[in-house]
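Below are two complexes that have chain A in common, paired first with chain B and then with chain C.
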Partner chain A sequence: MRHIGIIFRRELAQYFSSPIAYFVAFAVLLLTGFTFNNDLALRNGRAPVDPALPLIYLAQFSVFFVPLLTMRLLAEENREGTLELLMTLPLQDYQIVLGKFLGAWAYYTLLISLTLVHQVLMLWLNPVDVGVAFAAYIGLWLFGGASIAVGMFFSALNENQIVAAFLGMAALLILWQADLVGNVLNNRALAEFVRSLSFQSNYSYSFAIGIVRFDHTVFFVGVMSVLLLATAQIVQSRRWR
Partner chain B sequence: MASEGKSQRRIVLDRLSVARWGSAVGATALIVAAVALLAGGELSPVVVIAALIGMGGLSLWMTLAPEDFRSTLTGRRAVYGSNSLLIVLLFIGSVLIVYGMAARSGIAADFTSRGYYTLKANIRPIIQQLSRPIQITAFYSRRLLTNQALEAPILRLFSDAAPDKIRLVYADPDAQPILAGQFGLRSAYGIFVSYLDAEGAPDPNFTVKVLTARDRLPDLPVEEDYVNERWIAEAILQLEVRGRFRVLFSVGNGEVNLDNDATGIRDGLRAVGIQVATLDLSREGVPEGTTALIILAPVRDFSQEMADRVAAFLERGGKVLIMAEPAFRSDIRFLQAEDSPLAQYLWRAWGVRPNRDIVFDPLSFNETQYYVRAAQFLEGHPIVQKDQTGSAARPLFPIAQSWQLAAEPPSEVSLKSIYTTSPQAFGKLDLREVARNPDRAIREAADLPGPLALVVAAENQRTGARLLLVGDSDWVTNDLIVAFDGQILWTNMIDWLIGFLERVTVEPAFGQLPLSVPSRDLELTALITVGVLPTAILLLGMWVWWRRARR
Partner chain C sequence: MITVESLTKRYGRFMALRGISFQAESGEILGFLGPNGAGKTTTMRILTGYMPPTSGRAAVAGYDVFADSLEVRKRVGYLPETVPLYPDMTVHGYVKYVAELRGVPQAASRADDVLRLVGMHTRRDSLIRNISKGMRQRVGLAQALIHDPPVLILDEPTIGLDPRQTLEVRDLVRSLGKNHTVMFSTHILSEAEQVCDRVVIIHRGEIVAMDKPQALRDQLQKGARLFVRVGKAESAESVRKALQNIAGVARVEALPDGFSVEARRDVDVRGRIAQAVAAAGWELLELRPLAMSLEDIFLELTVREGTNERL
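This part shows the complex of A and B:
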C-alpha cells in the first residue's frame, strides 16, 4: 500500500503542477455550465429541475476529456523510457498501474466535486431531490473510474499520447453509444448483451434516476478491475518482450 | 545526410513480411466474420467471404514462414503472452459471473426522497391481496430497449413485491407477432396484466392493457411513451374487479336499442371489465349479484308487477338509473300516466316524479330551444365533476322533460337536483301544442316556471340504494354522447351508482413543482457557473503555467 501511495501522490501532484489539468477543468466546467443554464432556462415555469442533469452532461463530456487526463499516464513514461526506470524500483507492476489510476481518479473526483456548486444553486432556486443527486454522484464517480481505466489501457498500449487519447475517446464513445445498439442490430439477444456493456445504460437508467443498482455497480467496478489487470499485464509484458 | 538516409530507405518485400501481413489480414478477417455472424445471426455472404479471407491469410503465414508461425505459438512471447491472456480471460469470466449474479439478485437501493422506485404504501395492499396469480407482459420492440431499461425498475417493483403471485415477462412484438396479436397489440410498445389460465399462460379473456401516456396524449411519439407505477396498479385493479360489477339494461318495453343506437355505452362498460347483460322485467325480477339496473327510455309503461320488481331491487340496496323521454310522440307512454305504477312508487318512496312536460330554455344557445343545455348544476357533486380542476361538465339534452321534487321527501331519502335549466326556462305541459309548433314555443301562464330539474339523484340512507333520474335519453346514443360532455356525464353517473372508479383508482403521489424563479436569479446562476467558477480555474491554471515558465 505504501508503494501505491507514493505513486498516487506523485501522479496527483503532477496534475496540479501542470496547467493542462486546469485547462481541462476549465473547459469541462464551462461546457457543463452552459448546458446547465440552458436546461434551467428551458424548465423555468414548465418542469421541475433534475439534479442529475448536469451530471449526465458531465458523464457525456467525460467521454472526451478523460482520455486527455489519462493519455500521458503510461504513454509518456513509455516514450521517455522512465517506465523502465520505474520497473527497476522495488515495485510490482500492478502497484504502478494502481497508483497512477488512483491519482487520476482522485483528480477526477475533485473535478466532479466542483459541480457541487451547481447542486447548491439548484437547491437555492427550487427544492430538488437530494437523494437523486447523491445517487447520480456515486454513479458518476464509478463511471469516471471505469472511463479512466479505459483511457489508461490505451495509454499503456501506445507510446504516442495523441494516439492513446484518440483510441480512448473512440472506445469510450462506442461504450457510451452502445446504448442505441438496438437500432442497428437485428439479433435482439446480442443487442441486449452489447447494451448491457454500455456505460450510458449502466449510468443514465439507474444512478442518474436515483437508484443504486448492485449489478450496475458491479459493472463499473468490474470494468475497472478487468482493464487495470489488462493494463498491468501490458506493463509487465515489457519484462519479457 | 538525413535526406540521403531517407532516400536509401526501401520497402523490402520478403517472405517473412508477406507472411506477417497475411497473418494480420487473416486475423482481422476472422474477427470481422465473427462479429458479422453474431450481429446477423446467419451465415451471410459477408461472413463466408471474411472467413475465407481469414483462413487464406493464416494459411499464407503458415506456408511462407512456418518457423515464425511455430515460434509465435511456442516461443517465449507466446508462453508469457498466452499466460497473460489466460489470466485476463479468467478474470473477465469471474467478473461476468458476479455481474450475472448481481443482475439476477435485483438488489437496488432507492435514493429518491419520494421513494419513486419503492412500491407505494397505497399500492402494496393491492399486490398482497391479489386473488389469483397474474402475469405482466411488457412488449418493447428492439428499438425501444432504452424505454425497457427505464421502465424495468418500475415493473420489477411489482414482481419483486410478490414473486409467487406476479410474473414479469418481456416480449418483442416484432419477433413475436403472434403473441402480440393475442394481446391485440398493434404498436412497438404495450404493457398488459393478465390472469393465468390452467396451463399457466396469460388468459386473453382476463387481460387488461395498462394505459400509457400515449393513451392520454395520442400525439406523443411512441419513443416517449411510458407507464408509471400508479397506472400499472390501476390496470391490476381493473383486472381484479373484472366480472365483479354486473350492469343490467331493461329490455322488452321499447327501450333504446343497445345493439344499434347505444353500442358506445355498452362497449365502454365492457372495455373496463364491467359485465353487461339485458333483463326483461316482465319475466323476472332483478337477480342477485346485479350491481345496477339501467332503464333506458322505454316507450311502454311498466306494469305494477315490473314496478314492484324495480322497487324490490331498490329496497335491497340496488342502484337504478332511469332515463325517461317526454311524450313528444304519441307512442311514448313510459311514466306518462297519472296512475303509472312506477311513477307512483317513485313519488311515494323517493319523493320525485316526472313533470310530463317538454322543457324549453331560451338561454340554450343551440338551434332550437328544446335542445336544452344544462345551465346550472349542483356544485361539487361527483356527477358534475368534469376533471380534477373541479370544473363542471355541461351536457346537452335534446327534447327533455323535467322532474318534480317533493318539498319534503321521505325521511330516509336524500334528494338532490344535479342539473337544472336556467331560470328563464319553462316546461310546456300542453304537448299537443308543442307538437304543432315545435320551433315557436312561447311562455304561457300554464307552463312550469324555471329553473327545472333535468337530472335528479336520490339516495336512501338506510338501505344504501341509489336512484338517478334523467329526463332524456338521446344524449347517450352513439351520435350524441361524444358531444357536449356526454361521455363525462355517463362515466360519472355510472361511477356514482356503482362506485367503480373508486375501486380501480389509485391516488396519485404528490409531484414535484415546476421550477419558477425570476430571470435575475437565473442570471446570477449563469454568472456563477459559466463565469466565476470556470474563470477561477482558468486563472489558477495560468498562474501554474506562469510559475513553471519562470523556473
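This part shows the complex of A and C:
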C-alpha cells in the first residue's frame, strides 16, 4: 500500500511538470466550454438546460485525450530503462501498475472536476436537476477510469509513446462505437456481446440521464480490473523474455 | 555473499549463459570481465531479481534470487547499464524517490548524504535532463547506495565517462569495497586489474578464468617470457642466435629495444642467459620478466576459445 502511494504521488506530480497534460487540460476545458455555451444559447431560457450535456461531450473527447495522458505511463519507463530499476526494487509488479493507474486517474478526476464551473453557472441561471448532474459525474469518472486502463494497457505493450497513443485511441474509438460494430455482425449472440461492450451505451443511456445502473457500474469497474490485470501480466512478462 | 551455481539462461534459441558458477565473499570486489554480449548483464539481471534463470541456482546473502526475490532485492543495490533516471526529476527528488520506495527512514536527509558521498550534492536541485553523463552515472550510483546495501551490483559503471570521472568512480568503488561486496562488470581489463580483488572472465556465456588478477597473470604465463637487453654486441642477429642456442629457450623475438625470450615450461633460463651473454663478451644491461597484462591473457583465452570452436 505504501509503495502504491509513493508511485501514485510521483505519477500525479509528473502531470504537473508535463506540457502535454496542460495542453490536454486546456483543450478539454475549451471544448466543453464551447459545447456548454452553445447549448445555453440554443435553449435561450425557453427550455431547461441539460446538466449532463457537457459531460457527454467530455466522454466523447476522452476517446482522444485519455490516450495522450496514458501513453507515457509504461512506454517511457520501458524506453528509459527505469522499469528495470522499479522491477529490481523490493516491490511487486502489480504495485507499479496500480500506482501509475491511480496517478493518471487522479489527474483525470481533477480535470473533470474543473468542469464543475459549468454546473455552478447552470445552478445560477436556472434550477437544474442536481441528481442528474451527480449521476453523470459518477458515470464519467468510471468511464475515465476504464479509458485510462485501456490506454495504459497499450502503453505497456510497446516502448513507443506515439504508437501507444494511437492504439489507445483506435481501441477506445471502437469501444465507444461498439453499437455500430454490433449492428453489422450476423451472429446474434456475438452482436449482442459486442454491443454490450459499447462505452457509449454504458454511459450515455444510463449515467448521462441520471440513472446509476448496477450493471453499467459493474461494466466499467470490470473493464478496469481486466485491463489492469492484463497490464500487470505484460509488465511481469518482461521477466520471462 | 553471492553464490552462483551452474546458472544458465536461454533467450529463445540463444544460450546467453551456459552453466556458470562462482562465489563472492563479503567485503570482496569481484570484477566481471568479458567482451560485449558475453553474458555479464544477464548474470547481473538474474542476481538482482530482474529475471529468473533458465536453470541453476543463484543466492545473495543466503536468499535464493527466485524464491526470495524481494529479500534479495532489499539487500542489493543495482546500477544497470543504462542508468535508470527520470529526466524530469531533480537529482535530489530522484534519489529521495528511490529511498522512499526502498523504505529508507528519513529519506530526504539520507538522499543528501549519499549525494555528498558521490560528490553530487552541489547539483542536488538540478533537473536530471540538464546534467552531464558522468554526473548521471554518479546519481545512478547514489541511487544504488541509498539503503547502504551489503551487496552492490554495478553494470559497467565507468562506461562513457571521461578519464578523470573514470578515476573518480574507480576510487569510489574501491572505497565501497571495504565494507560492501561489490560485483562490478567492465570490458576494460586494466580497470578490473586496478580495482578488483578477484576477476571472473566470461566469454560466450562461460567462465574461462577466475582468480586474483596477479594469480591469473602467473597462471597464464606458461614458460615465462623474459626481456633481455644486451650492450656491446656486434649485431642484433648474433645476439638472437646466441640466445636461441641456450638450452631451454623456446623462442626469441627481437623487440625494438631488446629481445623477448620465451622459455620452455618450468625451465628457469635466467642464469644461462647471463652466462651466455658474459661468455660472448657482451654486457647484460637488463633481464626481467615480461609481465603479461590482463589484456594479453584475455586475448589468449578468447582466441583459444575461438580455435576450439573451429575444430
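The criterion applied here is as follows: the second predicted complex is superposed on the first by the 232 of 241 C-alpha atoms of A that agree within 3 Å, B and C clash if a C-alpha of one lies under 4 Å from a C-alpha of the other, contacts with A are read in each partner's own complex, and residues count from 1 in each chain.
By definition in this document, contacts are C-beta pairs under 8 Å (C-beta built on N, C-alpha and C of every residue); 3 or more make two chains touch, one makes a residue touch a chain.
Small disclaimer: the values here were computed from a predicted structure and weren't measured.
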item	value
Overlay on chain A: chain C relative to chain B, clash or fit	fit
A:Phe61 touches, of chain B and chain C: first, second, both or neither?	neither
Three-chain overlay, vertex chain A: chain B-chain C angle, C-alpha, nearest 10 degrees	160
Chain B versus chain C as contact partner of A:Ser17, first or second or both or neither	both
Which superposed partner A:Phe166 touches (first chain B, second chain C, both, neither)	neither
More chain A residues in contact [chain B versus chain C]	B
Which superposed partner A:Gly222 touches (first chain B, second chain C, both, neither)	first
Contacts of A:Leu180 with chain B and chain C, given as first, second, both or neither	first
Chain B versus chain C as contact partner of A:Pro90, first or second or both or neither	second
Chain B and chain C, minimum CA distance [Å, superposed model]	6
Common interface residues of chain A - those touching chain B in one complex and chain C in the other	17-18, 240-241
Complex interface listing, chain A residues touching chain C	2-3, 6-7, 10, 14, 17-18, 80-92, 238-241
Residue numbers on chain A that touch chain B, as the complex places them	16-19, 21-23, 25-26, 29-30, 32-34, 36-37, 40-41, 43-49, 114, 117-118, 121, 124-127, 129-132, 134-135, 179-183, 185-188, 190-192, 195, 201, 205-206, 209-215, 217-219, 222, 225-226, 229-230, 233, 236-237, 240-241
Residue ranges of chain C touching chain A (in the complex, touch as defined)	11, 45, 48-52, 70-71, 73-74, 76, 78, 80, 82-88, 97-98, 100-103, 143
Contact set on chain B toward chain A in their complex	38-41, 76-77, 80-81, 84, 87-88, 91-92, 95-96, 98-99, 102-103, 105, 107-114, 116-117, 142-146, 149-150, 152-153, 172, 175, 511-517, 521-522, 525-526, 528-530, 533-534, 537-538, 540-542, 544-545, 548
